[in-house]
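Heads up, the next two complexes both have chain A, just with different partners, chain B and then chain C.
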Partner chain A sequence: MSGVQEGPSMEQQIREYINQEFVAGQEIPQIKDDTELIESGILDSLSILRLVLFVEERYSLKIAPGDVIRENFETVKAICGYVRKRKTQ
Partner chain B sequence: MPSNAISRLGEATGTNRFLYAKLIVPLVAAMPAWMAYGLALAYANIRVRSDRASFEEVVACLDFVFGPRMTPGARNETARDYFRNRACMRVDAIRLTGDGRRLIQSTTIRGEEHVRQALKDGKGALLCSAHYGSVRVGAALLGARGFPVTLVAIWSLPKDRDKDSGRGSMYQYAWKPIEHHFRRANIMAASSMAVAVEVAGVLRQNELVFTLVDNPPLYSRRAVVQDFLGGKAALTSGPTTMAKLAGAPLLMVFVRRTGKWGHLELEIHPPISLAGSDMVAARECVRQVEEAVRSDPSQWELWRIRTLVSLGLYPEDRAREYFRRVGRRWGRMFEPYP
Partner chain C sequence: MKAPFLLHQLLAESAQEVPDATAVRSRSQQLSYRELDRLTDGLAAMLQARGLKRGDRVGIYVPKSLASVVSIYSILKAGGVYVPFDPDAPPDRLSYIAKDCDVRILLTCSQKTKRVDEIISKDSPVTTVVLVDCDQDGEKPIPWTPQNSKVSAIGWDKALSNGPPSADVGGSEADTAYILYTSGSTGVPKGVMISHRNSLAFVEWAAECVGLKPGDVVACHAPLHFDISTFSIFSACRAGASTLMIPERAATFPAELSKMIEAERVTVWYSVPSVLTLMILYGDLPARDLSNLRAVVFAGEVFPVKFLRQLMSVIPHARFLNWYGPTETNVCTSYEVTGLLPDSASLPIGKASSGDEVFALTNEGNTMMVPGETGELYVRGPTVMQGYWNDPQKTQAVLVKDPLNPTSEEKVVRTGDFVGIDQDGNYLYFGRKDGMVKTRGYRVELGEIEAALYSHPEVNEVAVVPVKNELAGNLLHAFVSLHEGSPLTEDKILAYCAARLPKYMVPDAVSIEAALPKTSSGKTDRVALSARVSGGVKG
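Now for the complex of A and B:
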């Protein structure tokens, strides 16, 4: 055993945030990494703002409004892909 | 050739836009206020006589909401004033061309200190109003006063809606003379998923965002049913949530036309408390709008049956029955933006 404890992955953190903030209490199943977030109505304009503020704070990023497009926010996988790309820039 | 066809031809060829910008705007801007507003009132009086269907529709809306509490005489007078207010709004916009001095001089501004304080605190402010009085002009007037204001609006309607309403293009160029007073291009309400992020972005720059709370739900997917004008209406709670998330104060603003047609009163209220739930603050916004509408119903722009149906205030079957009775085509209701 290496003894090194890894924290939750980015996917896990974002998935948990969305499940907790936007899914809990609604009659929809918990989301997966490839669940359509916009098409399914889980995210709307205001919840995307909340998610953006969460991502900015958690990953020390500044997200420009121009980056808030379907392609970057349609699934947890897409959000993580966007964040990773931004972190390496 | 019927006047409708002439108007459509002018629209299609761009002649209407050209004449409005190059002839009407400079001419009205150069007139003394009494003459410009006098012409607007005369135009409104002609419209009331020639477009009886629209006039009767406003009367029917007032009757539906106020019932016997408003006498038939008062309903007719209010409906007449509704058209006068709308005509005067165009003159307001024209008098705000250039540096806007003409209109600023005939406007009483109250509560400007709340905006100054908000900007001093560094988090911008969300200014909230309703389709009441000369609201778009009022927002631009704050810009003309030197405040960095950006408007959340729907000035450019999608093509298919233009055909439906027949006013899309006019709607855009009537507000052209005031556009330069805004700091940034309009944030197009409900046009994309980034609207709230865009609003927050502007607030982060310590600027002002001006929005309306009485938009029918087709412009806002986040509508909640609230008590309004004696019924239940679906209104947006978005502005309160956005202000809270951005940490910006929420100020209600009303731009009223006072007894004299050429005089406006722009009143900025102290910040609404955002300490409780979003709904508490949203209810307070709606309460203030209702108070304004009840104090002078003729200044509310939304006295149209289809709009009241969109808000959920007017039952659709009754509205369809009204349209059938007066021999008007119901058409299709607008679908919410995707």
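Now for the complex of A and C:
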């Protein structure tokens, strides 16, 4: 790991993507890193898929179908945790 | 055995024949047929005590759970008509529906009470709200007093303490059983009225077609306001099989869904194709044991053959059925996929089902007979709806005189769907003749979205165009031009839609334009707009 942080953090980038793509169309406040994304209905099956494609492209990794599960996607924090884990593997 | 002529008689029979079999399961909770029968007797009696009369409409506003099925049978047993409210729809739309069909009693559950307060505010016809908290095992319900002081709330504990419903409220197969609200082109949803006879014609045919029997586990993936749900609820009940209610949020992750199919030993699946496509791509299907799954049925949109083939190769032992029919007729044609089709082929919708007759008329008004012709599909028979609630004008446009038999009193449904026919007499779906599109399996009138956008005072012009998408069928892209100097943003426009339309109708993207392109005749050039987004909705 480089440890060098440039520009917005991963949390910020993913939060912004979700806010822009999925929250804008709903009458709810902007999300935070620990906002529950699934039970709250912010993300549905199709938006999860778009998020997966975004994360794959943005962070240059391939997400296996078996990894597209609740514990990896239920909050921005969880998504970043998953991406970091994958990046260090 | 007497032939049932009312939907809830199916429950009475299964409670007699297989009392201890599981009728419905959700998360880790379940009810046997005996329990479901007794519980719904009690609740039906309470509804009657609260003044419910035969033919009265009762709203159901619950997430998918045991409460969904308990509510349905309680209302039917009491002689009422059930009206499912989309749990994800904005309160304004639900208050409209409550007013439109005069819902005085609303069945809901504790977790929805905040939203209920919004729905029943002001001039709502609702006077009684019943909390059907049968899923909250041991959990104490949160005390709730409706903000609208004219409304009384009945807790689950009180709802339970009733005896069976008064001996016989009467009932005819011609009574309305439920009203399903679908998108309407003029800006407000319209209520499709389905009688017991309409529903039973499909329910019984479908149970036979799939060969449902005790021991089958039938997954209920669709929401209650989508007629796909009637198969997993009523056809399963007729066969003494079990219904597995899949909670909305459990369906978010394809891998969770496929895990549930494995763990719950689902034997019969019926959903829109896009759900199956997502499971093929992200459901990790090869890692699952799907040996129990013996029939996969899909309807509501066109299933791309390449995904269907992949599905068939992962579950080679299962039967695959393509069903077709608008809400106005439920399923009226069926096609069993037996061989492998080339990727380029389109899947036939098949031949008439549910005791219906279907035929297509060409532009010249002739019956379409041979491959190569195109015609509009008509449906005659027992599943044909009673009409749209409180809307004779729209009813007349869709329920028309039988063009093949003009002296007959019997009305047929003019579907607005263009079809062809193949060598074997199977119908092929070509498309719509109007502004209706399918997205995620839901039918959406583009005009309804446009009407919602036009209602904004700063909006000048609007056009919503469908964008073909492999997973969703179509995504929706709204083009909007604004009055000069308007500070509206794309996000604000989306939020405005979200407050007025159910989630599946909110556009996937919005573009603000200086002006919309016009054709030579001065109409909005939808073709040009479509071409602009044919590469896909951004994101």
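Here is the rule we go by: the second predicted complex is superposed on the first by the 83 of 89 C-alpha atoms of A that agree within 3 Å, B and C clash if a C-alpha of one lies under 4 Å from a C-alpha of the other, contacts with A are read in each partner's own complex, and residues count from 1 in each chain.
Rule of thumb we're sticking to: contacts are C-beta pairs under 8 Å (C-beta built on N, C-alpha and C of every residue); 3 or more make two chains touch, one makes a residue touch a chain.
None of these values were measured; they are calculated from a predicted model.
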| item | value |
| --- | --- |
| Contacts of A:D44 with chain B and chain C, given as first, second, both or neither | both |
| Partner chain(s) touched by A:E21 [first = chain B, second = chain C, both, neither] | second |
| Greater chain A contact set [chain C / chain B] | C |
| Partner chain(s) touched by A:P65 [first = chain B, second = chain C, both, neither] | both |
| Common ground on chain A, meaning residues reached by chain C in one complex and by chain B in the other | 38, 43-46, 48-50, 52, 64-66, 68-70, 73 |
| Chain A - residues contacting chain C, complex | 20-21, 24-27, 38-39, 41, 43-46, 48-50, 52, 54, 64-66, 68-70, 73 |
| List of chain C residues in touch with chain A within their complex | 88, 90, 248-249, 251-256, 274-275, 278, 281-284, 287, 440, 471-472, 490-491, 494-495, 497-499, 503, 506-507, 539 |
| Parts of chain B lying in touch with chain A, wherever the complex brings them together | 190, 192-201, 221-222, 238, 241-242, 245 |
| Residues on chain A engaged by chain B in the complex (per definition of touch) | 38, 43-46, 48-50, 52-53, 63-66, 68-70, 73 |
